[in-house]
Each structure stands twice: as C-alpha cells, then as structure tokens.
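Both complexes below contain chain A, partnered by chain B and then by chain C.
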Partner chain A sequence: MRDSWDSLPVLAQDLIIAGALLLPLLVIGGILLRGFRPLPLVRALMWRFRWANLLFVLLIAVSTGMGIGLIAQERGLRTGSAQAAEKFDLVVTAPGSELTMMLAAVFLQPSAVPLLDGAAYDRIANHPQVQIAAPIAFGDSHDGAPVVGTIAEFVTYLSDGQIEGRIFARSGEAVVGAAIDLRIGDRFTPAHGRGSGADAEAHDGVGIEVVGRMARSGSPWDRAILIPVETVWEVHGLANGHPFEDGDRIGPPFTPELFPGTPAVIVHAGELWANYALRSEFTVAGETMAFFPGTVLADLYRVMGDVRQAMSVMSIVTQVLVAASVLLGLFILTRLFQRQLAMLRALGAPRRFVMAVVWGYGVTLLVAGTMLGLAFGYAAALVLSRIVTHRTDVLVTATITWAEVNLALGFLSAMSVLSLVPALVVLTRPVVENLRQ
Partner chain B sequence: MALPLEIKDLEVRAGTRTLLKVGDLSAPAGALIGIRGPSGAGKSTFLHALSGLIEVRGRLCWGEVDLARLRPERRTAFRAHNMGLIFQDFLLFEELSPQANAGLSGLFRTRHDRAPIATRAAEGLARLGVPQGNRTVGSFSGGERQRVAIARALATDPGLLLADEPTASLDRRAADALIEDLTGLLRAGGKTLIAVSHDAHLLERLDRVLTIEDGKVTDDTGVQAA
Partner chain C sequence: MKHLLAALMLMTTPVLAEEGHDHDQPAHAFEIGGLEILHPWTNATDQDHALLFMDLHNAGTARVEILGARLDSGLEGRLVGFRMKDGEMGFESLPPIPVAPGRQLALEPDGLAIRFDGLQAVLEEGHHWEVILLTSAGELEIDVVIEAQDARQHGHAGHSH
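On to the complex of A and B.
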C-alpha cells in the first residue's frame, strides 16, 4: 500500500489528498443538493444579509490567509536562503560564531570579524582536495552595495561563467552583481565601511573600473561589487599578497608573509565527500573554524520552524474562533430568516431542501472566504517576499503550493460539516411556531 | 384536483389542554369556505390542522387521505402536491423577482414538475395583473405582493387553497380587487378554498362560513355565494 502510494507522481498524491479533504463537503453537498435547486434562495440570503455576509467572508479570508501566507513565506525564505548559500560548500574563518561568520561571508551582512593569516590561507589553498580557496575581503562599499575582494576563479564559480563583459584581470577592475546600478566601463571610488557610517572620502583617488556583470543569482551577491582581493588590500595601504617583483599579477598563489589577512576563505572541494574531511582538518582549536553554511542554515530553519509552529498554532486558534463566529452568525442569520424557511416547509418543501438552503448558504460564505483567503495569503506572501528580498537580497519567491491549498481545503471541509449544525437546528424549530412569529 | 373534506371527532391538543374540537364536518370538492371567529378562538389552529402542519387526533380526510394518520414527512409531501397556502403577510422572498417567488415550489420539486410550475406561475402572475420583469418583490405594494403569493399558491395546480387572513394586510380597494380575482380563479378552476378571515367582503363571496369560538365550531351558516 505504502509502496503504491510512493510510486505515484507527487501531483497525483497532492490531488488525491485534496480530493480526500474535499470528500466530506462533496458527499454532504451531493446528498443535500441532489435533485434540488436551492441557489436562488441562497442568493436571496446572501443579498438580504449582504453586509454581515461580507464581514464573515472577510473574517474567513483573513484567518485563512494568515495561515497560508505564513507557510508560503517561511518556505520561500527557506528556499531562497538555501539557494543563496548553494555555492558555498565550506567556509573557513577565524573561530567565533558560525551564524555571524555565515551571515558575513555568505549573505554579506556587515560584521566585524577577525582575520585569518597567510599561513592559514596557505594551508587551505595548498590542500590537495581543495579546488578553489577564495579569500573574501569586505568592509568597503559603493552606493550602499558591499565591495568584496576575492579571486577570479571564485567569480567564475559563483556566476557559473555567466558574465557579461569579462572577469577582472588586474587590480582596479571590478565585476558587478546583476542588481548593481553600474554599467561596464563605469568607474567608481569605494567608500570605507558600509551603511550610514561609511566614509566616502577615505579612498579618494582610487578609481575602479567595471569590466563585467554577473547574471542574476537570487543571492545577496547580486548586489555586490567584486574586485581583486589585492585591490582591497592596496587601497587600505597593505601588502597585496605578492612580492614586488611579481608586478601587477593578481590571484593565487599568495606569499604567506605578504598576505595581510582575510575574514573568510570560501572552499570548494574537488569531490563532494572531501568536504567532511576538510571541515575536520580546517577546524583547529584557537586557529581556524570550518563549517558548512547549509548546516548552519538547517539550525536556523529549526528555530524558524519553531517560530512558524507557534504562529501556526495562533493561526489555527484564529481560524477556530472565526469558525465559531461564522457558525454563531449562521444561527443568528437563519433565525432572522426562519419565517421564510418555515414557509418553505409549509409549502411542502422536504426537510432536506431546507437543510440544503441553510447549508448552501453557509458553504457559499466559506467557499468565498477561503478562495479570498488563498488570494489574500498569496498577496501577503508576495508583499513580504518583496520586502525580505529588498532588504536582504536573498531572492524569496512567494508561491502557493498544494500544502497551502490543502490547508484551506481542510478548513473548508471541516467547516462545511459543522455548517450542518445550524441547518439541523433550523429543522428542530416547529413550523407553526415560526410562521406565527 | 379538488378533494372533498371529511372530519370526524377532530381534536388538537397542547399538552393536557384542548385547543380545538370539531365533531362532524364535511365539504364537497370545490367548496369555498370561510372561517371566522374572535381572536384566539382556534381559527388558525383549525387551518394548521387542515394543512397537516400540526398533529391531530380523530379523522381528517382530504379525499381518501387521512392526515391524522400520516407521518409529518408524508403530510409535507401531501401539502406539496395538493395544497396551496396564502399567508396574511405574504411571506415572500423580497430579494427575488415575482416569477421566482411564484415558481418557488419548482426549486424542490422534480425536474419533470419544474417547467409546468414555472409556466403556471407566469400565467398566474399575468392573470392577476402582477408587473413582470426583473424588479424584486421588495419594491411591490401590499396588493401586488399578495397577488404574487396567490400565484405562488396556485403554481403547483393544487386542488385545495388554504388562506390565513389573505386581505388583512391590504387596503379596502386592494382587498376587494383581490377577492374578486381570487374567487374568480378558484371557481373557474373548481378548487376548494378554506380561508380564515375577518373580512366580511370576502366571507360574503364564499359558499359557506364556519364560526369558531373557544375551539369549537359554533355556527355553520352555509352562506351561499353572492
């Protein structure tokens, strides 16, 4: 049984789950509505209590949308941050907080971090399993965007070679991220520091020319300006990692004694399995710390998951309260309509028809509210995604998946069952008594 | 099809209290009968009993069918197929058109019955001079509304029409016009009418008037139609 289920395509599984969730609603609807045409009376009820109905629909929409938006947003954030960290197999830094170092090295969040020296870098770069050992040097900025010093191989690796123009070939050249408002051929002077405290005049006289532009990656590196790490060192009056006789050469190998230091080294191993050995080897107490950004993110997701769970509980509580208020509203509204409903019975309408009218009325409100809630949840996730993307440059994409649709369908179906209660209560009231009221 | 009425030892009780007691009463199919009496005498209870809306003891036969012996759902089905009801305050769905109101029974009848009900509803409205169109009955006058209610009661082509104070909510002119149309329609169709009313204009147009006092039929005038 389990094997049969697992062998089904994911879409088929989702459709089956959706169908199962909707089954109670469909069965009740099928039984109650068979052979009847209650729609004109449902429309009459909808119009009679239009403002109350609108309020109920909005209440259902908001409560459903909250839950859906929350799940969609959290998933989008997970996916976006995981994609942004995809190219970062292993990061080696000075010992400290893995989260802080990951945010600084992978997500380019400004942070004061200690440096690795030339010997440490040399040991990493010359390890036989290491294919790329990219020093990352940050601290400068231009127009709010981080200016990051690194090596050409890392730029190629990061962009999968999708670069308009070319990669920097000498000090003083730059490759910009897709979201940077600089064109190839433009020149700029980096500011020292980032944010409001940046000193725009600290590097006066330094001119850096844009020679290439990376394709969009959906990561904070879209808003980064990559320059040779030597340029970063040089503009800060430090040695550039090479002996004088090497002239204008950039990139590895670096001379350990002339290596001014780097906050982090991004390591790409030749083989995937080697990463675990490298992490172990490069984690040296008091000297270096190696970590997988994916693992740090997983820990972060766990915390996010706890928060989401707490918020999901709040969302469910809200939905239950809304459901209770909608049911109460149905009781009240059907009471206001009870003479007409009693008249239907007096005219000879079967009990099932009266139930179909009341239940159909409730379900119409629920369907309208749930559909609106899906749209509302999607819109909320879309807006939040844009805000998060704008603030972090992590491309967060809002999508409504079957998980959200099924959540909404589950709510709809459960409520459709509960809507039978006011429909049944209507029938318990004596017809003659209701006619006389 | 109009049905004859036959009542024997009919009793309606609420707990230990007797609300209505009618010994022997019969009426031929197609009779137009009025019921009058003071408020609280049991007129509406009698009408509810005749329509099968309440439980009764004794024998209450419309033709061969004894309503006293039918279960509630069977009585509902009997009503649906044999009776039209008219209420004092119309009880229309104000958000619907006159055609939708008049054809209301079609919503819960079989597919086969729907088209004839809709046709009869349209014909009834036309015969009673109700303005047609997309206007909802919420904008109608009292007289127009009661005409829609009559069209609704007749749309299923019932043999019996039970009316509770059908002219009470109308002014004299509208009431007289309605009485004229209603009695004309019923006589032309050979249908039975039992109408609870205080309206002397209506009662004098009927074949027979029963007076109910204190839950009993105290007078049966046998007034002939004018």
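On to the complex of A and C.
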C-alpha cells in the first residue's frame, strides 16, 4: 500500500489528499441538496444580510490568510537561504562557532572572526582534491555594500561565468554584484569598516575601478563588491601574499610567509564525495574547522521547524476560535431569519430542504472566506518576502503550494460538517412560535 | 575505624565505576588492513531505514576504499552524503570513498553515512547491531551501538582509545 502511494507522482498525491479532504463536504452536499434547488433562497439570504455576511467572510479570510501566509513565508525563507548558500560546498575557518562563521563568510554579515594563517591556507589550497580554495577578506565597504577580497576563480565559479564586462585582472579592479549601483568604468574609494561606524577617509587615495558585473544570484553577494584579495591587504598596509619579484601578479599560489591571513577559505572540490573527506581532513583540533553551510542551515531549520510547529499550533488555535465564532454567528444569523424559515416549513417545505438552505448558506460563507483567505495568504507572503529580500538580500519567493491549499480545504471541510449543527437546530424550533415572532 | 574505611570504600566505588570503561560490552574499535574503525553507531528506529556512522583512520600504508556495508540477511547499505537542495534536506548516493594512509574520515549526522533501506527489524536503543563493513581491504564484522533516536554522536565520542 505504502509502496503504491510512494510510486504516485507528487501532484497525484496532492490531488488525492485534496479530494479526500473535500469528500465530507461533497457527501453532505450531495445528500442534502439532491433533488432540491435551494440556491435562489441562499442567494436571497446572502443579499438580505449582506453586511453581516461580508463581515463573516472577512473574518474567515483573515484567519485563514494569516496561517497560510506565515507557513508560506517560512518555507520561502528556508528555500531562499538554502539557495543562497548552494555555491558554498565547504568552508574552512579558524575554530569557533559554525553559525557565526557561516553568517560572516556566506551571508556577509559583519563579524570579528579569527584568521587562518598562510600555512593553513597552503595546506588547503595544495590538497589534490581541492579545485578552488578561495581566501576571502572583508571589513571594508562602499555605500553600505561590503567590499570582499577574493580570487578570480571564485568570482567565475560564484557567477557561473555570467559576468558583464570582465573579471578583475590586476589589483585595483572590481567586479560588482547585480544590485550594486555602480557602472562598469566607475571608480570608488572603499570606506574602512561597515555601517554607521565606517571611516570614509581611511583609504583616501585608493581608487578601485569597476570592470565587471555579476548576474543576479539571489544571495547577499548580489550586494557585494568583489576585488582581488591582494587589494584588500595592500590598502591595509599588509603584505600581498607574493614576493616582490612577482610584480603585479594576483591570485594563487600565495607565499605562506607573505600571506597576511584570511577569516575563511571557500573550498570547492572536483567531486562531490571529496567534500566529505575534505571536511574530515580540514577539521583539526585547535587549528582549523571545516563545515558545510548546508549542515549549519539544516540545524537552523530544525530550530525553525520547532518554531514552525509552534506557529502551526497557534494557527490551529486561531482557526478553532474562528470556527467557534462562525458557528456562533450562524446560530445568530439563523435566528435573524427564523421567521422566514418557519414560513417555509408552514408552507410544507420538507425538513431536508430547510436544512439544505441553512447549511448551503453557511457553506457559501465558508467557501467565500476560504478562497479569499488563500488570496490574502498569498498577498501577505508576497509583501513579507519583499521586505525580507530587501533587508537580507536573500531572494525569498512567495509561493502557495498544495500544503497551504490542503490546509485551507481541511478547515473548509471540517467547518462544513459542523455547519450541520445550526441547520439541525433550526428544525427543532417550534414553527408556530417562530411565525409569531 | 573499620566502619570508616567501609564507608569510604562505599563512597568511592561509584566514582571508580563511572571512570571505568566497559569493554566487555560491544567493542568500539575495529581494524582491517590498517584501517581503524572507531565508535560505529546508529540511531534507534522503528522505521525501515537507518544511517550508520563511525570514525575511520587509516593507520596503514595503503589506501583503503570504503565501499558500503551489508547485513547478515544480505541487505546492502550504500554510502550517502547529506545535501541541502532547494531548502530540502536529503541524501545523495556516493561512489566508494578512499581513505589515504594517515588520513581520517568521519561518517556523522548531516554528513557522510552508510544508509540501509528495507530494514525488517526494529533497532532498539541500548542494543547493538551486527553489520559487515565492506572495504577494498576486505570485509569486517563490526558491532554497531544503537544510540537514542535523537542522538547526534556516539555515547563515547571524545574518548581516546
């Protein structure tokens, strides 16, 4: 049974779940409405109490939309951050907090981290399984954007070679991220530090020319300016990793004794399996720490998963409260038109027909509220995504998936079953007494 | 005086017992062709799949490849690597991984592991599980400690052997 289910395409599984969730509603509707045409009466009730009905629809829509929007946003953030880190197979740093190091090296969050020396870099760069060992150097900025020192191979790898203009070929040139407001040919002077404490005059006299622009990647590197790591060292008065006789050469190999240090080395191995072996080899107690950003994110998502569960519980509690309100509202609304319903019964309308009218009325409100709730949820996720993307530069995309649709359908179906209660209660009221009111 | 000595002995016994390392229970270290296998373990599970973890160190002079593992029943375990793809956690099958002389390799959660699919029996915490490790140096039967369902490392991790 399980194997047959697993062998189905994902879309087919989702459609079957959606169908199963809607089944109670369809069965009740089929039994109650068979042979009757209660829609004209339902329509009349909708119009007669339109403002009260509109309020109910909005109440259902807002509560459904809140739950859907939060769940969709959490998934968007998870997917976006994972995609932003996808290019970073393995990161080697000095021992410390993997999370701090990942935020600094992958998400370019400013942080004071210890440096790896030239010998450590040399050991990593010369490993036979290592294809790219990119030292990074940060701490400077331009107009709020981080200026990151690295090597040309890493820029090509990061952008998949999609660079407008060209890659930097000498010290003093830069390739900018897609979101940077500088054009090819522009020159700038980096500020020392980042944020409000940045010193704009510390590197006076240093001019860096933009020679290329990377395609958009949906990561914080879209808002970064990449320059040769040698330039970062030189503007800070450090050795540039090469002996004097090498002239203006940039990029590896570096001379270990002339290597000023790097907070992190981004490692890309030639083969997937090698990353796991390299992680073991570059994790040396007291010297270097190697980690997969994906693993750190997985730990983070586990914590987020707990938060998500808490949010789901809160969402369910909200839905239950709304369900109780809707039921109470239906009782009140049926009291409003109990005279009309009593008239129907006095005229000889079958009990099932009266039930069909009351139930159909309640379900119409629920369907309208749920559909509007899905639209609200999507709009909420869209707005939240734009805010998060703007603040973090991690491309967060809002999507409503079958998970959210099925959540809404589950709520709709459960409420449609509960809507039978006010429909049944209407029938228990004495006809004559209701007619007199 | 005798009572005082007895009381002192009683007070110190649990401490000594805690410090002692119980090697009568399943062994924690194995060796084949110079490859040392330390602390093989897995998580308790009632599912039909499990991940096998261990620390490897090649103390020999020839490189040894890790091919996978097998159970007595013939069920094969394959090497897998943890990957994050589009925000979803998952595993990818990997080819045999070599451990060069003097090198180490860690099979650990959210990293490298040997995955068994189609398990018939429940793995209960505190018990041990007999697995045959497949390497280029030969096959080796190892005792795998079954840790708690949510354990992230072997209970003896950090000890020196």
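In this section, the second predicted complex is superposed on the first by the 437 of 437 C-alpha atoms of A that agree within 3 Å, B and C clash if a C-alpha of one lies under 4 Å from a C-alpha of the other, contacts with A are read in each partner's own complex, and residues count from 1 in each chain.
One rule holds in what follows: a contact is a pair of C-beta atoms (placed from the backbone, for glycine too) under 8 Å apart; a residue touches a chain by one contact, two chains touch by 3 or more.
No experiment lies behind these values; they were computed from the predicted model shown.
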Exercise for the section: Report clash or fit for the pair chain B and chain C bound to chain A in the combined superposed model. Expected result: fit
Practice task
Using the touch definition from the top, say if A:W5 reaches chain B (first), chain C (second), both or neither.
Solution key: neither
Completion exercise
To the nearest 10 degrees, chain B and chain C lie apart, as seen from the C-alpha centre of chain A, by 120
Practice task
Could you look at A:T295 and tell me whether it touches chain B, chain C, both or neither (first, second, both, neither)?
Solution key: second
Practice task
Scan A:A349 for contacts with chain B and chain C and give back first, second, both or neither.
Solution key: first
Exercise for the section: Please indicate which partner A:R37 is in contact with in the superposed arrangement: first for chain B, second for chain C, both, or neither. Expected result: first
Practice task
Give, as a whole number of angstrom, the minimum Cα separation of chain B and chain C in the superposed three-chain arrangement.
Solution key: 53
Exercise for the section: Show which residues of chain A both chain B and chain C reach, each in its own complex. Expected result: none
Exercise for the section: Using the touch definition up top, name the residues of chain A that touch chain B in the complex. Expected result: 35-38, 40-41, 43-44, 47-48, 339-340, 343-351, 353, 431-432, 435-436
Fill in the blank from the handout: Within the complex, chain A is touched by chain C residues 79, 81-89, 92, 94-95, 97-99, 103-106, 110-112
Exercise for the section: Enumerate the contact residues on chain A facing chain C in the complex. Expected result: 75, 78-83, 85-86, 272-273, 275-277, 279-281, 283, 292, 294-295, 297-299, 301
Handout entry: Partner chain A, residues of chain B touching it in the complex
Key = 44, 48, 51, 53-54, 73, 76-81, 83, 85, 87, 91, 93-96, 100, 104-108, 110-111, 114, 152, 156
